[in-house]
Amino acid sequence: MPSSAFYALIAGAGAGTGTAVALRFAQAYPVVLLARSASSYAPAVDAVRAAGGAAIGIVADASDPAAVDAAFERIARELPGARLAAAVYNAFAGFAVKPFLELRPEDLTTNLATGVHGLFFFAQKTLPQLLAAAPTAPHPPTLIVTGATASLRGSARFASIAAAKFGQRGLTQSLAREFGPRGVHVAYAIVDGGIDTPGAKGVVMNNGVEDGKIRPEAIADNYWHLHTQHRSAFTQELDLRPFVEKF
Amino acid sequence: MPSSAFYALIAGAGAGTGTAVALRFAQAYPVVLLARSASSYAPAVDAVRAAGGAAIGIVADASDPAAVDAAFERIARELPGARLAAAVYNAFAGFAVKPFLELRPEDLTTNLATGVHGLFFFAQKTLPQLLAAAPTAPHPPTLIVTGATASLRGSARFASIAAAKFGQRGLTQSLAREFGPRGVHVAYAIVDGGIDTPGAKGVVMNNGVEDGKIRPEAIADNYWHLHTQHRSAFTQELDLRPFVEKF
Amino acid sequence: MPSSAFYALIAGAGAGTGTAVALRFAQAYPVVLLARSASSYAPAVDAVRAAGGAAIGIVADASDPAAVDAAFERIARELPGARLAAAVYNAFAGFAVKPFLELRPEDLTTNLATGVHGLFFFAQKTLPQLLAAAPTAPHPPTLIVTGATASLRGSARFASIAAAKFGQRGLTQSLAREFGPRGVHVAYAIVDGGIDTPGAKGVVMNNGVEDGKIRPEAIADNYWHLHTQHRSAFTQELDLRPFVEKF
Amino acid sequence: MPSSAFYALIAGAGAGTGTAVALRFAQAYPVVLLARSASSYAPAVDAVRAAGGAAIGIVADASDPAAVDAAFERIARELPGARLAAAVYNAFAGFAVKPFLELRPEDLTTNLATGVHGLFFFAQKTLPQLLAAAPTAPHPPTLIVTGATASLRGSARFASIAAAKFGQRGLTQSLAREFGPRGVHVAYAIVDGGIDTPGAKGVVMNNGVEDGKIRPEAIADNYWHLHTQHRSAFTQELDLRPFVEKF
């Protein structure tokens, strides 16, 4: 990859939001994609390269601190001297919708691992880099976290994921208050609706209305907008939902 | 003004946010500016024309239904056949920060007139036009309302304005739920900080930190972003605040 | 009425919540009931007297400042020297659930009159009395306001009442922040469900489940609890809903 | 301990809130106290017995499922046939207020263990018992969880505890929606202020104003009130703060 002053980093680079965000940010920066397996990030890497951008995929489980450490060491080798312009935490590992008394402790542990611990490690690694980039970056360095309906609402049968996403929101809000005044923009996007990913093709939402699922490209446009907001007008939290979604 | 298929309408077209929003939307549409006096909208009209755009100023108090009616009749005459692409409710008439027991009934009446009644009249006039524009408009027709810190928080000594801005938020949220599924995007922008208007030049905020006041152009960029969001990913509410603002 | 050191005042003294609250507070204080007509407060007055308590009914429209003034003058004559221990703002004038474009300006005006203006007048009259009672009252003097689902959520077709109840919540919150430190407890009770009033007998809610409507006596118990909270642990806001209510 | 039809269970039975809640509920039920060490629950057990009540202390770390299992086995042996009327989750293990980049992974793990995992285990053990008690209990069986300022607000330097307390709130809210319709009352009390515990004697809060710290007995009165609410008017969430607290 050619030397570049700045790069973008996306954790959770699957075929939907991750790929769309990678494509959008790759218009400006080389992008590094973290995923739990090479097959997860492959579509994003291929798409970026096909569009003429630069992409590196790295296998790393966001909730494994050693794996995250190793990923950052590899980034330092592959992109020597590059500063981090934007970091997106989009890791997602699914969740069980079931009666509370049928949840196993592992359901909770898994949701918290991806939703909270993973963001904690990711933020501890990226925030120092984002702080370092602040004086010279073209836009305020940005940490964007992908939230969900369960970030705002603990619905019946969503106990485990609600614990994780509420927790993620609280963590993100605290980071925004601490790092905003130091020039780093921390934003939380509450994706309140089903996303039109390849995996959701067969799932009918909002009665099958056109645009009743959120287009990944629309999410990506919003993330890019958050990244390019002037520092006199940072958004900490915004919701994104299909025009027909009940809320 | 030359014939044009679509236009934008801004109520509350003062020298700060109103002018910046007018300039931004005038890059795409002729803009119509409503203000309580010609001297209020003059800077916006002049700025748009100087930038090569088209602008019409109309004197109308947003909280006076007869004046609002007359304004819309004039728009129909001046822009025959034009459809409404975006309407921005930015009317503001100041407010008193003082102990509750010193507030006069007129303080409350004035705040509700601008914050709630005016939005009610404006929305009743613009929503039918926005609905009519939906099938052919380049972006989902949009109603954007300017909120404030007092929309979310009833601080001590802010009783009257909190009543008005909370009320405005409730009204806007209801409109979003009713008109979103019909293709009209209703969004509320919570401007949580002082704006760097000409009138605020002498007011020190956030210890005078550069960008410690919100740039009107930054608000305008966010309003344009809201207007151009894809309908599969509408934002209903977002906050905007300086990076150094306490919240 | 015999002389008494303290009294309670209830605005909006209809056959449901108003009567139940009157009965509960009449166990400790003489109660004064304000309503728009004598027929509204009559059941409450009769019920209190039948239970051995003392009650005065006064005709006053809470949104008419002259009527409110006259009511307080009459209270001063009838209860000379009595201090105000608790004031409950429970005024309610119904509301229209209909498409926004079918609402008339009068719908909004009516909802704001009862929800916001009336509370404003009531609070300006009662807060000085509550402050005066603070040093000697058996419990922290209390202003309790009755909220509703529409205080928290602007649903489609609820635009007018959402504007009023959101506004009421903002006003109450501001009063809590200003008067709490002066020893007056200002609380907002969000009644999130249908109330089992005489007028609602024929209305089926929650599939007719027993206790699927809120018992007025249960609301009254909560208001009394709020009134008797120790000042080291004031509640500003609580929700009340039937166990089977969706929320 | 004599046989009794119902009992109350308190996890986190320290010298402040835990002891006060134990004393309050012991007026109606034998109480079982869980704490990480016998020295933690000893003051509560002693206080209850001195007041003429019945109390059992059991050592159990709420975040250790095996210890929780063992505790419930012991309860079954010591109180054969007794049904659970009320369960209070008040476990607390302190937290670090420090810059995010100085937090260690263990800080987060510890906060989540007590705030989220422990509540998860406790709820899985107690909810079946509360459901079983519903048909015959004198009041709706109740699960009350102690929240904090950090449940609502992610302040700078509070990242780890905000993650845990937000998560706890989301979990509790989900349980309320699932178990309320089955007759079990799940409530979250947001304790928004310093508590006047023995350990806080030397800590000045609110400028040392009398009642500027929350009295544990006042918290206990509120928990008892929540427990005795009629099921037609359950509170899901309430805040408790000193009258002089800034919020």
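Chains here go by letter, A, B, C and D, matching the order in which they are written, and residues are numbered from 1 within each.
Convention: contacts are C-beta pairs under 8 Å (C-beta built on N, C-alpha and C of every residue); 3 or more make two chains touch, one makes a residue touch a chain.
Protein names from UniProt, one per chain: A, B, C, D = Oxidoreductase.
Just so you know, these numbers come straight off a predicted model, no measurement behind them.
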Report task. Indicate the lowest number of steps between chain B (Oxidoreductase) and chain D (Oxidoreductase), counting one step per move to a touching chain. Result -> 2
Query - Chain whose average C-alpha position is farthest from chain D (Oxidoreductase)'s own - result: B
Query raised in the report: What whole-Å value do you get for the distance between chain A (Oxidoreductase) and chain C (Oxidoreductase) if each is reduced to the mean of its CA atoms?
Result: 46
Report task. Could you please state the distance in Å, as a whole number, between where the Cα atoms of chain B (Oxidoreductase) are centred and where those of chain C (Oxidoreductase) are centred? Result -> 34
Requested in this report: Go ahead and note the Å separation of the Cα centroids belonging to chain C (Oxidoreductase) and chain D (Oxidoreductase).
Outcome: 31
Query raised in the report: Which chain A (Oxidoreductase) residues touch at least two other chains?
Result: 177
Query - Touch-based graph of the chains, sorted into line, ring, star, complete or other - result: ring
Query raised in the report: Which residues, counting only chain B (Oxidoreductase), touch chain A (Oxidoreductase) once they are in their complex?
Result: 140, 177, 180-181, 183, 185, 196, 211-215, 217-219, 221-222, 225, 229-245, 247
Query raised in the report: Which residues of chain D (Oxidoreductase) touch chain A (Oxidoreductase) in the complex?
Result: 65, 99-101, 103, 105, 108-109, 112, 116-117, 120-121, 123-124, 127-128, 150, 153-160, 162-179
